[in-house]
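The same subunit A turns up in both complexes below, where it pairs with subunit B and then with subunit C.
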Partner chain A sequence: MTDLNVSSEPVKYNPDFAKEIYALESGEHVKLCMQCGMCALSCATREEMDYSPRKLFLLMRVGKREEFFKANTMWMCSTCLMCKVRCPRGIPLADVMHDLKSHAIKLGYTERPQATFYQSFWQEILNKGRVFEGGLMARYYLKRGWSEMTKGLFEMRDLGMTMLKHNRMPLKSPKSIKGLKSMKQIIERAQAQMHREEGR
Partner chain B sequence: MRYSFYPGCSMEGAAVPYLKSFEAVTKALGIGIEEIHDWNCCGATVASGVVGHYPAQVMTARNLALAEQKGLDIIVPCSSCYMNLAITNKKFIEDDHFQLMANEALGVAGLRYNGTLKVRQMIEWIINDIGLDRIKSMVKRPLTGLRVAGYVGCQTPRVFPWTFDDPEQPVFFDKIIEALGATPVKFPLKARCCGSSHSITKPEITIDAGYKLIKSALEDGGQLMVTPCPMCQLNLDAYQGMIKKGYQLDISIPVLFITQLMSIAFDLPPDTWALKYNIVSPFDTLSKYGIKP
Partner chain C sequence: MSKKIGVYICSGCGIGDALDVSALSKVATKEYKAPVCKTDAFLCGKDGVDIIKKDVAEEGVNYVVIAGCSGRVNYDVFDFGPSVVLERVNLRERVVWTQEPDDEDTQAMAEDYMRITLAKLKNLEAPVPFIGEEVSKRIMVVGGGLAGMTSATEAAAAGYEVVLVEKEESLGGWLKKSYKIAPLSPPYTNPEETDLAGRIKKIEDNPNIKVYTLASIEQTAGSPGMFDVTIKQGDAAATERVGAIVLAAGAVPYDPGKLEHLGFGASPNVITQAQLEELAQKGCIARPSDGKAVQKVAFIQCAGSRDQEHLSYCSAACCVESIKQSLYVKEQNPEAAVYVFYKDIRSSGQYEHFYKKAQSEGVIFIKADVTGVSDDGGNITIEADDLLMGSPTMADEIDLVVLANGMVPATAFEDPALGGEAQAEVAAGSDQAAPAPAPIIKSNILNLQYRQGPELPSLKYGFPDSHFICFPYETRRTGIYAAGSVRRPMDMAQAVEDATGAALKAIQCVEMSARGMAVHPRSGDLSYPEFQMNRCTQCKRCTEECPFGAINEDEKSNPLPNPTRCRRCGTCMGACPERIISFKNYSVPMVGNMLKAIEVPEEDEEKPRVLIFACENDAIPALDMAGINRLAYSKWIRIIPVRCLGSLNLIWVNDAMSKGIDGVLLMGCKHGDDYQCHFMKGSELAGIRLSKVSETLDRMGLESDRVYMTEVSIMDYDKIPKIVGDFVDKIEKFGPNPMKGF
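Right after this comes the complex of A and B.
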C-alpha cells in the first residue's frame, strides 16, 4: 500500500549554501565527502555533537543553513585530528571544522561558550602577543556574564585553589612581546590579503 | 648540537615544570638551546577558528622568520605549537604561492622566511638526534620496575601521520620510557583526546575523557602517567580530583611531563624535577627510587 504520509512533492535542495561552504579555505575538500561515516566513528566528542561531521555535510547539501550553523558540531571539535588521519577521501576534517568556526563567528553565531572562548583567546593574543591563562579566563568570564561567572567560579573554586597552591596559575601577567605592533601589522596584512583572494 | 627552541605560552604559565625540566635535561645532555627571541603565540588550536587558517599561519610564521635569523632548527615540546609551526613550515617549503603571499605580509614588519629550517617535535628529536643509547647512558637512577603509562596525546603523532610514528598507536614515546629503565604499560588510549579546552567551556567532556584515560592507564598496572603535552598534563593533573569525585575512583595516578621523569632518571638536581608543581603528588609512587619532597 502507498504510504500516504509521505509527500509526493520533491525535496527542494538549495545548492547555494553548499557553494558558500565550498568557498571556505578547506571547503573545496568537502565536495569529496562520500558519506561513509568514518569521521563519526573516529570522533572523540561525537556523543556531544548535535550532528556528526558526516550528517553536517548532508545538512549542507540539502541547504539547511540555519540548522547547520545552529548545530554545535564544529564547536565540539577538539582538534584531536583522528578524523583527518582516517578520512578515506583525505578531507582535512579538523581544518574544515576550524573554517566553520571562523565562518560562524563572522556570521554572528557567537552564543556558544566555545565561541566566547575562541574570541577571548584571540583578544588575548592581540593584547600581548602571548596568551596569559589568567587573562584568558578573565576575558572569557567577563564575556559570558555575571551568572555564568559566579557559577563557573563556584564549580572551579577547588581547582583554582589547588592550581594556585602548586604555583600553576601565575597571577601576574607577563609583559607584551616587543614586536607586538609589528605582529599585529602582519596579521592585518594577512587578513587583507585573504579578503582580496576571497573577492576574486 | 645547537637548536632554536619555541617554548609556547603554556610553558610560561601552567606548564612551568615542563620548561624547568626541559632546560635541565637538554643542558645535561650538552645540547645548546636558544629560545627564539621575542616569539609570539602560535595560535594554538584557536586562532584559525577565529580569523581563518591563513592569517593564523602568517602570525605563526613570524616565529619561523625570527628563528631563521639564527639558522638553527626549531625544537617544539608542546603538541599544539608543534602542529602550527610544523604545518606552517611545510606550507612555506611546498607552496610557492603561500610563501610569496606570507612573505609579503611578513615584509610589513621587515621580516622574511625562506623555509630553510626544520621544525622538530621533541619526542622524535630525542629519538632520532639524541638517540636512545645516549639517553640510556645518562641514566643514573634507573626506574626499574616502575610501570609507566605513556600518554602521547592526540596531536603529536597525528600532525603528519606515519612520518615518525603510528598516528593511532604510537610507539616512540614508550621507547623513551624504556630507556629510563621503567616499564611502559599497555595503554590502548595513549593517543586519545584529553578534552582539550573543553575543560573551561564544558568540563564534563574533560572529566569524562580523563576518566577513560586513567582507567585505561590503570588496567595494565600503570603507576604513573607521563606526557609531552601541556594541555594533557593539565587536564589529567588538575582535573583528577573532579574525575575521582565524579566517577567514585579511589586511586590516584600522578601525571608527569616526560622531561620531569628524565630529570629524575638522570639524577639531576631535585629542583629540576619540578615536582612541587604536580597537583597529584608523585612522592608515594616514587619514594622507592629515593624521591622525596
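Right after this comes the complex of A and C.
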C-alpha cells in the first residue's frame, strides 16, 4: 500500500473536489464516511490496493484530486460487497467504486488495464449485442499496444490452447443478436436520459 | 415489652441433609434458652410462614430468628411488621452451599452462626423512628436553567410544592443565550427552537412553583425535611422551609482567555461557541472584523478540554454544540465550507443521527491536532497535524474560527466576595492519621450551616462528590441532589434526564425523611445513632469523620446530631473512642457479644478460627454469590456483617484477639479516587484505623498481620475462596493465637 504522506509540505484542504464526487450517482452517501476503517478491514483485495476505500475517501475530503484518480483502489474492487454489508454508515461502497470507475474513464484516466478492458467489453457488447472473446481480446490489445500484446499472448498461450482444444474459444465471430437495432435504441435512450439528469 | 424469642429452622434447600438440625435447635433451646424453637422443611412456603405468624399472634413471640437462607432473599415473605424484630441466620449460602455436608466442622460453623445471631439479640431493640418537627415536603431548586426548570416542573407535576431560586433577572440560563438547541426529540436531525417562553410560562402558570429571581441563598440551615433556607432578593430576605434541595447551578464556559495558542484574543475572528450563538441570535453569522458574511468556517474541538494544561476532562456537550452550529452556518449558506477539527467526535445518545445530518450537509470533519492559528488581516490559517492523513495540513482563508471551549461547573469557583480564602475550611484534626477532608470550595451557592463547610464536598475538578455508579445524584450532603452540568459535563438532553432523576430523588428524600426513614443507601432503615452525651469527651472525631456532615457542633465541641442528614453507616460509631454512639439495632456491645459467642476450640485441636467483618453492601452479596455458585471455601471462618467498614470499632479486633480468635479479615469496598464505598469514606477510614491496630497487637505479643483488610467488589465472588484461603493459610503459618484459653 502506498503511504498517505503525499508530500512533506502542508497539504491544503480543497473542498471543491469532494463536491464533484458527492454529485455522482451514489456519491451522496460518501459524505457519511466517518473514517472507521471497516471497509478496509473487510476488503478482499485491499492488499493489492494503493489506498483502502477509507483512505481514498480521505484523499477526496482533503482534495487530492490527482492522487485520487491515479490510485488503483476502484479498479481493484471485485464487488464482493463485504464492505457494503459491513459499513456502519450504510455507504454502498461497491456502487461508489463503480461510479468512480465510470467517472474516471469519463475524465480520461484510462491508463489502467482494467479501464481498457471495461471499454473494450462495452464496445463489444454495443457492436454485436453479445461478447466474442476473440473480438474482446483484439480490442483490448489494440488499445494496449504491441508490446503488451506479445507479452500477454505469450503468457497466456497455455490457457488459449486449452480453450481452443475444448472449443471454448471460437475463432469465427458469432452472429449479432436479433434486434440489435432495438437494443442500441434502448441504450441510446438510456444514455440520453442519463445526460439529461446529469445536466440538471 | 419483654423479649420473647422464637427460633425457626428451615431444613429445606439441602440444609436438613447437610446439617444435624436437632443439634442446632439444642443450641437455641439449651444454650440460649429460646422459649420457642421449631423446625420446618419448607419455611418460606405458606404453611411455614403461618407457623411463625401464629406464634407471633398467639404466643407473643416478638424476636423472630429464621435459620435458613440468606437475608438477601425472601425478605418479602418473612415480613412480620415493624413490631417484630427479625434476624436471619444464613445457613444456606454461607454454610451448606460452601462446606462439606455431614461434617463435624460444618456443623460447628452452623452452630456458631446460630450463637452469633442469638447473642446479637441481647442488645437489639426494634428501632423507633426519628420524626422531625414541622417536616416540610417542599422541594427547593437552585438554578433556573434548563435543568432547574425541568426539575421544578417535574416535581410540581408529581404534586410537590417547589421553590425555584434563580440569580439572574429571568429564568432560562443557557437557553437565553442560545439561538437554537440540539434536538431533544426524534428524528434528532434538526436544531430545535429553545421554546424558552413556553418553558417559563409552564412554570409561571403552575401554582405549586414559587419563583425567586435576582436571588441568592444567604444560608441553608437544618437537615432534610427541615431545611431553613434564607433567600436574599435585593435587600429583602425571606426564609423558606423545604424538605430537599436540587442543585442545578449549571456550568460556565471555560475561560477562552487561556486559549491564546488557538488564536483567541489575537484575532477578532476567533470566537467561542457562546459568541457564535450571539451572532446567530442577531440573525447573521458574519465576521466580527468586517461584518462580511462567512464563507469558510472552522470549528476547533476540545479547545481546553481533554488537555492536561487546561481541563483534563471531556466537556461532553461541545461536539454536539459544534455540530449544531455547523448546521447554523449551512442554514445561512449551504455553499459555505465548514471544517470541524476534532480529537474524537463524542456525539453520545441519539446524537449520532445529528452527526450524520451534519455530514450529509457537507460539513467536513478532520481528525487533527491543531498546531497553529494565525491571522492575516482577517483571513485565518489553521495549521494542523491530520492524524488520519499522517501529515501536516493547512486550511487557509478561513473567515471565522469557533473554539469549542468546554465547561466548568459553577461549584468550581471560589467566590471572591467571601474574602478569597484559597483553602477550604479544613477540619482541625488532632489525629495525624485522619484522612484529608474532602475539598469544599466556597462557591457561595448554598452557604450550608454545616460544621464541615459551607458547600458540597467535591471530588475532582470542582464537581460535587457522589457515588458515581450507584448513586449519581446523591451528593455527600443528604437531601441535596446535584443535577445537570453542575454534576458532570453533559448536553441538554442529558440535563433534562438528569433533572427529572434528581427531582425524583428529592421526592424520595422528603417522603422518607417525613417517616423517619433513611433515604439511601439503607433506604427504609428506621434506626439512627444515639449519643450518650454524659460520657462524651468532645474529641470531635465523630463530627470530623462523618462523611456526610450529619453532625454539627456547639461552642463547647459537643456533637449535635441531625438524624435526617444521617445515612446510618455507623462511621461515627466506629470513630468514637468512648463508644457512646449506638443504634437501637447496631452497636459496639452488640457486635462484641456476637464475636464473643463464637466457640473457639482448644489450641491442641488445631482448628483455627478466623473472623471476617464483611461490608453488607458489596462483600456480603459477594459471599452469598460464592455460595450460590457452590464455591467451597475455608471451614475455619466466621462471618459477621457490618453496615460499613467505617463502623468498625477497634475494640472488636481487641476482643476477638483476646478471645483467642487467630485472625481477623476485613472485607470492604475499594477506596481512593474511584471509590466504590457506598458511604464514600468508610473503607478508607477503616484502613486508617487499622494502621493503628498493629501497635495494640504488638503489645499483646501478636503478629500485626493477623489483622488484614482487603477490598472486595460485588463481582469478586469468584475470588472469595482464594482471598479467604490465602488469609487462612497465612494465619495457620503463624500458629495458634497464644491468647487461647485465657
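We adopt the following convention: the second predicted complex is superposed on the first by the 188 of 200 C-alpha atoms of A that agree within 3 Å, B and C clash if a C-alpha of one lies under 4 Å from a C-alpha of the other, contacts with A are read in each partner's own complex, and residues count from 1 in each chain.
Simple rule for what comes next: a residue touches a chain if its C-beta (ideal position, glycine included) is under 8 Å from a C-beta of that chain, and two chains touch if they have at least 3 such contacts.
The structure presented is a predicted model; accordingly, all values stated were derived computationally and were not measured.
Looking at the shared chain after the overlay, A:R89 reaches subunit C, while subunit B stays out of its contact range. Ranking subunit B and subunit C by residues of subunit A touched puts B first. Judged by the touch definition given at the top, the superposed model places A:K175 against neither subunit B nor subunit C. Once chain A of one complex is fitted onto chain A of the other, the partner contacts of A:L32 are limited to subunit C, with no touch recorded for subunit B.
Residue contacts after overlaying the shared chain place A:K70 against neither subunit B nor subunit C. By the touch criterion stated above, A:Y13 is placed in contact with subunit C alone, subunit B being left untouched.
Overlap of the subunit B and subunit C contact sets on subunit A: empty, with no shared residue. Across the complex, subunit C is touched by residues 3-13, 15, 18-19, 22, 28, 31-35, 55, 58, 61-62, 89 of subunit A. Note for the complex: subunit A touches subunit B at residues 25-26, 44-45, 48, 76, 78-82, 84-85, 95, 97-99, 101-102, 105, 112-114, 116-119, 121-122, 125, 129-134, 137, 140, 155-156, 158-159, 162-163, 166-170, 174, 177-180, 182-183, 185-191, 193-194. Contact residues on subunit B toward subunit A in their complex (touch as defined above): 9, 12-14, 16, 38-41, 43-55, 58-59, 62, 80, 101-102, 104-106, 108-111, 154-155, 158-159, 161, 167-168, 192-193, 195-198, 200-203, 205, 209, 234, 238-239, 241-242, 276-279.
Considering their complex, residues 337, 339, 345, 355-356, 359-360, 362, 364-367, 383, 386, 388-396 of subunit C touch subunit A.
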